[in-house]
Each structure stands twice: as structure tokens, then as C-alpha cells.
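Note that the chains take the letters A, B, C and D in the order they are written out, and that residue 1 is the start of every chain.
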Amino acid sequence: MSPELSRLGHVALEVPDLEASLRFYRDSVGLEEVEREGDTAYLRAVEEFDHHSLRLRESGSAGVDHIGWQTEDQQSIDGFAERLRDQGIDVARVEAGEERGQGEAIRFQVPHGHEFEIYHEMEKPDPPKERRSKLKNKSYISAETSSIAPLRVDHVQIWDTDAFEAAEWMQETLGLSVMEYYDQKDGSRWGTFLSASKNKIEAAVIQGESDDDCPGLHHIAFTSESAEDLFNAADTMNERGYPIDGLGQHSISRGKFLYVRDDSSGHRVEFNVRGYLVFDPNWEPIAWQEGDLDDRQWIGEIRGLDTVKYN
Amino acid sequence: MSPELSRLGHVALEVPDLEASLRFYRDSVGLEEVEREGDTAYLRAVEEFDHHSLRLRESGSAGVDHIGWQTEDQQSIDGFAERLRDQGIDVARVEAGEERGQGEAIRFQVPHGHEFEIYHEMEKPDPPKERRSKLKNKSYISAETSSIAPLRVDHVQIWDTDAFEAAEWMQETLGLSVMEYYDQKDGSRWGTFLSASKNKIEAAVIQGESDDDCPGLHHIAFTSESAEDLFNAADTMNERGYPIDGLGQHSISRGKFLYVRDDSSGHRVEFNVRGYLVFDPNWEPIAWQEGDLDDRQWIGEIRGLDTVKYN
Amino acid sequence: MSPELSRLGHVALEVPDLEASLRFYRDSVGLEEVEREGDTAYLRAVEEFDHHSLRLRESGSAGVDHIGWQTEDQQSIDGFAERLRDQGIDVARVEAGEERGQGEAIRFQVPHGHEFEIYHEMEKPDPPKERRSKLKNKSYISAETSSIAPLRVDHVQIWDTDAFEAAEWMQETLGLSVMEYYDQKDGSRWGTFLSASKNKIEAAVIQGESDDDCPGLHHIAFTSESAEDLFNAADTMNERGYPIDGLGQHSISRGKFLYVRDDSSGHRVEFNVRGYLVFDPNWEPIAWQEGDLDDRQWIGEIRGLDTVKYN
Amino acid sequence: MSPELSRLGHVALEVPDLEASLRFYRDSVGLEEVEREGDTAYLRAVEEFDHHSLRLRESGSAGVDHIGWQTEDQQSIDGFAERLRDQGIDVARVEAGEERGQGEAIRFQVPHGHEFEIYHEMEKPDPPKERRSKLKNKSYISAETSSIAPLRVDHVQIWDTDAFEAAEWMQETLGLSVMEYYDQKDGSRWGTFLSASKNKIEAAVIQGESDDDCPGLHHIAFTSESAEDLFNAADTMNERGYPIDGLGQHSISRGKFLYVRDDSSGHRVEFNVRGYLVFDPNWEPIAWQEGDLDDRQWIGEIRGLDTVKYN
């Protein structure tokens, strides 16, 4: 049987000042710190049961360590490893527990330079009793964290100097589905929007301008509940002095967004509200041509057109 | 390979007065009428591309004709047919187009009396030009329909005098996943919450009291965007004189709800907001015991504890 | 010139366990504690500049000490005192600072037993620097308090065995405007909805059944921003074990509501969202007759039909 | 007694194509057309009882005819007339009914060129039966109009080459209260935010660059209920091809906004959500200095920095 991914699972980032970044991700964004081990912190969102959806490690400079994808089953790990080696890609084994809470995994660099991890098992530690939600279908009491705490990891946006090929590789080798894509007037692909789950996007692969930003990570998105939450999050970030890089709604994916930045590391977070789900077994990728959207590729504002690169 | 369902697709209802029911479902709830053929109308929601998620047929009395499940692929239809016949269940073939827009299908009565249909193909007709959304990832201009138009079909709630066995059958024979269940103090199962997709529920199977209501359909839920929409929908229904059967939030599934009723037929609609998604490949069903939720199985109000039965 | 009230200013409550009540009002509802003096705590909401909108004092049992109305100017205090004495009502002088932050005031019992205070001056202390909003038109950083923190005091609901006369007295003697009223089929008045400001209600005067609940205070309402906030507040209260006494929308005033209760004292709080404003100089009171609203005097649920009486 | 204004009442605009503008204001924004008389249409919002808050008249070119302020009582009209004449300002009498639904009024040009009207009486026509809300405290069934219909007129933003003097004149002669103001580093006033009612703004007087835009009207704001509504309104405008000139939240006034434009006339509408109310009798104007807000005078986007001038 073919190996299969089930979803985007987590992202591992490097930050120059762990305490400063925890003030952002934990105290302001509202992720929960599940475990700390030396210079590494593991966080998850209030609705998540898995050990972490974000790993932060203190390092000399900001960077992206890897983007983690969870497989449908254990044997898919070997299946992907074999498929990657057939392409001549170096596949590194990661022992169970090397990344805390996680079973055995593989790491590799995709042809265009993005660093991915593939794993299946992830512990589901119970929150501390005083923060455990009474609702069994949710991990944490939202009211005990930041008032703007998002629910779960939603997607990543990555930039590549050849976004078309990178996305095609992810589709063919990793089996991600293309939900939407956007082509420019010269026929080149500006962006491909892929997903391993039924979420409208788990990886947006965007055409970057230069090696300065590619391959790189533009942002990690977490799911928020409502448009009100976006304004509340903007208010919180503004009060605490974190830069706001945009507020509005994308036409592609229909997600409403707020972009904010951890100024100590430069990593960007999107609070993302809704968009659609693809339960349709006969979904045809939505094909946009430049001009289709006039000047409405989004409403509102986006600024901050740069990425953090892989270390 | 095992046959596989991908999602709850549509529900076919019988109503005593088609025009009256269209005033409810189309003009008030805000579903779009895609096609009319004699005494039968086909409707879908503003985000849906498939031909219909609701079929209404005028009949002597209100009833439920069938609940339709879409398969992951074409061959799954035969796979399920074989599995059902192995259990001694009568399987009726439905020719392509017999239900408008739909490919070939099978219909059958599950052991506890619910009438199900299994199909794979469904046409995706384009909306009339003046109602077609500019956004290619959405069918209709929301503003051209009712102001409270929901996005897509979300789930059904069905009642059974043996809810445990009915749910177990759906799990074992149809391959639905159990997301949550709720057991009473005497050990009996009050409700099982199943899904073919990654939605938190597609079929809630609830223990009914008597044959008067079992097997029967309590409501069809459609997805709305926000809590504000629930209040707007309540306002609309109140202005138009349709009965409101509840407003609040379920603890199970965490969906926020508004229940309203088509008074001409007695069929009930839920406007449902959010709840969670299950992209986790290692999801363990959430097990509730009576008492876990104290008196908070929901907040707010639910009334209207009856169903419409299958004809 | 006639003395004039400008708004409902604050409510002074007695509670059997101050720390327990602070866990409710401050830590859960999200009011800010401005000052503590012995067994008395002063609180205000995140948008309020005045010293307090709620005073809590530990006492042998739960009770209401007084409801405070702020005048348009300083001389209105004497104007009202004179008017009250002309009616034979005992008027007690309250020295400046006796109630912390407040200038000189008068207190009195209205003919039907409610205890009112009238004052004009109230200090506007700045919040501690680390909680001071960067927005000069708001006091506190919302994100530093409870995630469901309401914005300002909205109204009180008081019960009286002769609600008609009590409301008429408040209109004639205190100059409150009648925004709406509701008459029963027998011609008796069930409720009068009055305001000194332009808010849709500042005092709802409701017909009570017996001296057990009259004269008494059913709830204090604070203003929340959105329907989402009501569900968030319900979630917070549910997690922390505070009783929820209703969720829905009133037809009178059109305010959306969540009722919750401080179980240590029995005092009830309403989170209230919107409703209308009366800037119209020619507003005619909205006159409801029993039956006008069918069964829709509100949608959703209200329970908890009792009050806390004046001490 | 001093003459007194109670609120901003209506705005009278000139438009080159009445039918095109009605498609915008009535069919898309969701105002109700109350009356048509020749080339003039009168509109109001779903919560308003007064005859109109917007008058549209077809004219050779787009322009602003006048901004209408309602007085607290009838005699204030003469009071203001006298005060204006004492300043040497020409005061024109408008007969009752000359502007439909309105009692007698005066019109005049303020020293800086804005055209104002002052009136007291305005009819309160009942909506047609099929559009009359069951809720007596509201005029129209929201669901019968556009799905994004705002509730009431909120404020106007006007530009002046001497915004300080224009605002000071409005404060001193018309008795408007200053809620906030914003001073630039060179000491000049960029904007003054005034109100006759208790709303956070009824007239924002902004420093314009040149006579090309001054004196002129930048936008009329109508009140919407929630942040969700702003996104819904943006969606509607996008679908119908109307230009969107911004989405976000102001720091001054704290109102959330969406700016859209009637492309046939160039007139701009703001959908405005919340902000605060000033019931405090001792409110001190909020004084902003350039730099206080860093780059956060608003979050989100504003474009479209031009006005429509008075004809």
C-alpha cells in the first residue's frame, strides 16, 4: 500500500532568545507550553491533544529547523523513506523521543531545500489538572490561557524560487492534494495550495523572488474561531508592542487573517479564521488566473514580505 | 480494497406542501434551488458544488425518504452492495439520473430501519451567471440569497430504539468513525456521534423512547459561520413565524446551535457553528459517562423532542 | 434648573465571602480591582475611567446596599435632596470619600424600598502602568484581565411588588426616561424599562410575585462586545463551575444575554450585547401588550427567577 | 435657554445617476427607500424610525447638499438662527415638507464652507406591513433587506483646510462636544472628533491638504453590529464590483471599519462597528499627540484619500 500523510503536524523553529519567544508564542499568542528540555520548548494549542504543534529551540540565530508531517499509519514512514531514497534524497532517521513526545521519524531536505520531517506517533499528554478542560473533546480551559488563544495549527506558507516544481514534488512524492493554484499572466505559477488533510490548505507554496528568502517560511497559521478574535488578537499584539503585518481576508482559501510577528526572532504567525473544508471526493483544484481576482486577491492589508530561512 | 464512504452527501425528505417547504428551506433558510422536476425540488447550500444536499418531494404526508452517503470512489458502491447482501439486506439499484444529478446508487434499509442511499457521482452544475460567486472556491453570491444562508450540510441526527446497535452497525458495515459517545448510568448508550469525513459529526445516533419516533430523523444540520449568524437566523425565523426549538452550545461536538422548524412539514433544521475537526490519525473516541457533564450537556435551550419518521 | 441624572453609575453589594466573590467578579467575569479597603473592594470594567462601577463589601449575608446614580452636575445633588424631602423621604448625606473615590452623595429609600444613591464626582484613577491600555480612550489592556472581560456597566434589573408605581416614581422624581414597557392582559404593568442616559435600559423595573423577592435586585448587566463573547463567557463559567442562568436574546431592548451567578453570594451578572441607543429627541416609549410577542419575549433560555434583597 | 442639538440626523447627497446610486445604497448597502419624489429618494436604516437619514438627489454631478442636525426641541431652531445671524451668517429658512418628512428647518454655510441644516421635527412613517418588524423597537425586518443592512447613521467625516477652526466653531456655536482630538508634531490639529449625542463621534473634522478636497465629505458611516458583518459587507461589495477602500480598526474612537464606495457617484460609506459611548458627565476629551500611536493610528488598511465637495 502507498504511504500516506494524514496532516501537517508541527513546525520546529530556531529562535535567538527562547524566553523572549515564549513571551510571544505562549504568553501572547496563547499556546500552551507542554514541556521544556534545556533550550527547547514544546507547545500546542488549546484544542490539540498531541504533544506539540510547535517546537522552539534557542539557537544563535532565527531559523526553521523542519516542518513535520504526520502519517496515516506507522508503516508509511518506511514507505516514504524508500520512495525518497529512490529519488536519491538523503533520509536521516530520528529516534523515538529525540524530538520529545514523538515516535521514530525521518528527516530530509526536499529537492528545493525545505526541511521536512515525517512521523506517525505522538504522545497525548494530559494537561495539568487545573488547566484541563471539563470538556473531554478539548485539552485546555481557554480562559486560563491568553484571551486570544487559537485552537490548532492550520497551515504553513513556504516560499521557493521554483514554487511550481516544489509543489509538484510535494504532490507527487508526498501525496498532498492540490486544493487551489494561482497562475500569473506569463504562465508561471505564483502559488499552489496543498493539503494532506481535508483542510483548505496545509502548505501554501509561494513563488519567492530570490535566494534571500527562498527556501523559507513566511508564516505558521493557527486556527481562530471568529472575525472578532482577529480584532481581539490585533488589540493584544498592539498593546504588547508586537508588529502587525496584516488584517483581512484571502480570496484563495477564503480564510480571514491577522499576521503578527515575534519581533525577537522575526517569525510570523497568522491567526486564520475558517475557509472551507474539502470532503468532496471529486474535488477539482480551483484554478485562478492572474486577473481573475482583479485587485482582490485579498481584502485588507498584507505587509511583511519576507521569510525566515532554514538553518 | 475495502469500500469506503467519504461523507454525508444529502437528505431526501417528503413534505405535504412543496411550495410551503420551499418558502422555508429556500427563501428563509437560504438554500439555493438547483432544479425542479415535477413535485421534486433539489437544493444545495451556497458553498456546495454538488447538485444537491437536500431533495424535497411533495407527498401525502411528511416523511424521510433516505439519507445519502457519498463514497470515496465508484467501485465502493458495489463493494458496499456485496457487503450488505452478505448480511441479507435487500439492496435496490437506483439508476443514474433517477435522482437528478446523481450517478448510479444503491438504497437499502439498515437493520434498525433507517433508509440509506450510497452513491459516488454527483454533477456539479454551475449556478446561474447572476448568482455565481466571483470567488471560484464558492458557488453562490451569499448576498443574493437569504441573509442567513448556511454554507454546507453538516450532519443528521437520527433516533433509534437501539441506538447502540444502530451505531455499531454503521461503524462496522459502513466504516463510519466514532468521534464521541455518551453512556447513561445504567450502562446503556444514549448517543453515538459518527462521521465518514473529518467533521466532528455526520450522524448522531440517539436513543429514542418509542416506535412513535424511531427510527426517525430529528434534524438536518447545516454549517453557519459564526455565533452572530445564529442570532440573525433566530431573528429571521421569528419575523417569519417559524418555530424556534433551541439556541445554545452542545458540549458533545462543541457545536453552537439554533434549531428551527418548517411548520408545514415538521422537519427540523439546525444551524450549526463550528465544533472541531478530526485530522488526527490516532483519534480515540471521546467517552462521556452520564454525570460527567453535570447539567451541562448543552448550554441554552433545546425543545422539540420528536422526529419525522421514514416513509 | 431641574436636577438631572446622567447615568447609572455603580452598584454596592454585600457578600458573605469577599475572596470568593472576587474570584467570581474579578478573576472570572474580568472586572478590575481598583482599590481594597478593609472588607470592601472597588471594581470597574476595562473601558471605565471612573473609580468603580461595583462595590463589594463582606457582610453576614448577601444583600444589596445601594444602586448609585450619577448626576449631570454637582448642584443636582441638592436639587434631588430637596425634591425627596418634599416627598417626606429621609435623605442621608454621604461625605466625600466615605465611599472611596466618590464625592459627596445622598442616599435614600424610594417609596417601594429600593436603596438609591445620588452623587456627581468620581475620581478617575489611572490603572497600574503595566495594565494601562496604550489606547487613551480605554483604561485597561483587555488581554491582561479575564478573556471575557466586559466593557462597562450596562443596567440593573430590579423587582418590585408594584412595578408600575415604582417605575412611575423613578420617572417623575428622578427624571428617568421610559424606553419601553410591557403590559399584561389584565392591564397591569409587568415591566418598565428606564434610562437616565441614552442606553436602551439602565433600570428594568419588573413586577415581582411576593415580598420574598421584592424589593430586590435580579441582576447587574455589563456590556460585552459580541455574541461570540457570550458563548466564550458561558464556556469560562462552565469550566469554573459557576451556574449559568440563561443564554439568548431579549425582544424588549433587543439585548443578547448570558446570565451567570456568583454561587458564593447568589448575586447574578448578565453579560449583555448591544440593543439600541436612543438619541432621538422625540422617542415614544415602546408599548408592548401581552401577546404581542407570542412566546418570544426572548429566544433561548432564562432560569433563576429570584432576587437578592436590600439589606 | 441655550439652543441644543441632539444628534446628527441625516445627510443630503447629490448623485449623477439616481438609479445607479439606489443600486448601491438601497440594494447593496441595505438602506430602505422610504419615499421617492421626482428625482429625489429618501432612505433610512433598518433600526431607524425617522423618515430618512439619507437623501439622494439626481444632479449633474456628485456633490454634498447638506448635513442635517436635529435639535433637542423646536425652539432651538430659532435659537441657533439668532446665534448664526449674530455672527453674520446667512440663514435660509426651509419650509416644513420642503425636505420630505421634515418640519421647518434652517440651512447655512459654516465659516469654513460646510453646508449644515438644523431641524427638529421628522415624521416617523411606518414601514409597509410586509417589511415591518414584529419587534416594535425596530422598524424593518432585517432579513427582507440586504443581508448586510446597517442599523443607523453613525457619523460623518468632513475635511477642512483649517480643521482646528472648523471644529472649534462647531463646538462653540453648535455646542458639539469634543470626544477626542489628535495633534501633529508641529502643534497643528489633524483631527477633532465631535458629537451632539453620546456616540463616540458624530462629526470627525479632518485637516485636508488643499481646496481640491476641502471643504468636503470623506464618508458617511452607518452602524453595523459585528466584525463578522464587516467581512460580510466586504464580500457583498466585492461580488457586486463596488470598490473597497479599507478594512480595519481605528484607534481613535475604537470603531472597526469597512470603507466602500458608490462608484457611480464617488460617495463613500463606512460600515462602523462599536467604539464607545460617552455617558460620563465629566468626560475629558482624549488628547492624542502624533507619535502616541506609533504607526497604529489604525490597524488594517485605509485607501481612498479624497472627498466629495459641497455643491
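Rule of thumb we're sticking to: a contact is a pair of C-beta atoms (placed from the backbone, for glycine too) under 8 Å apart; a residue touches a chain by one contact, two chains touch by 3 or more.
A quick note: this is a predicted structure, and the numbers were derived from the prediction, not measured.
Undergrad: Please tell me whether the contact surfaces of subunit A and subunit C are same or different in residue numbering, using the over-half criterion.
TA: The interface of subunit A with subunit C is built from mostly shared positions.
Undergrad: Does A-B or B-C have the larger number of C-beta pairs in contact?
TA: The greater number of contacts lies at A-B.
Undergrad: Could you work out how far the Cα centre of subunit A sits from that of subunit B, in whole Å?
TA: Chain centroid spacing, subunit A to subunit B, equals 32 Å.
Undergrad: Measuring centre to centre with CA averages, how many angstrom lie between subunit B and subunit C?
TA: 44
Undergrad: Specify, in ascending order, the residues of subunit A that touch 2 or more different other chains.
TA: 134, 225-228, 235, 238, 296
Undergrad: Spell out the residues on subunit D that touch subunit B in their complex, using ranges where they run on.
TA: 28, 133-135, 141-144, 146-149, 225-226, 228-229, 232, 235-236, 238-240
Undergrad: If you look only at subunit C, which of its residues touch subunit D in the complex?
TA: Touching subunit D: residues 6-7, 47, 49-50, 70-73, 120-122, 124, 134-138, 151, 180, 197-200, 225-227, 251-254, 274, 276-277, 279-282, 286-288, 292-293, 296 of subunit C.
Undergrad: Report the residues of subunit A in contact with subunit D in the complex, numbered from low to high.
TA: 226-228, 230-231, 234-235, 238, 244, 247-249, 256, 296, 299-301
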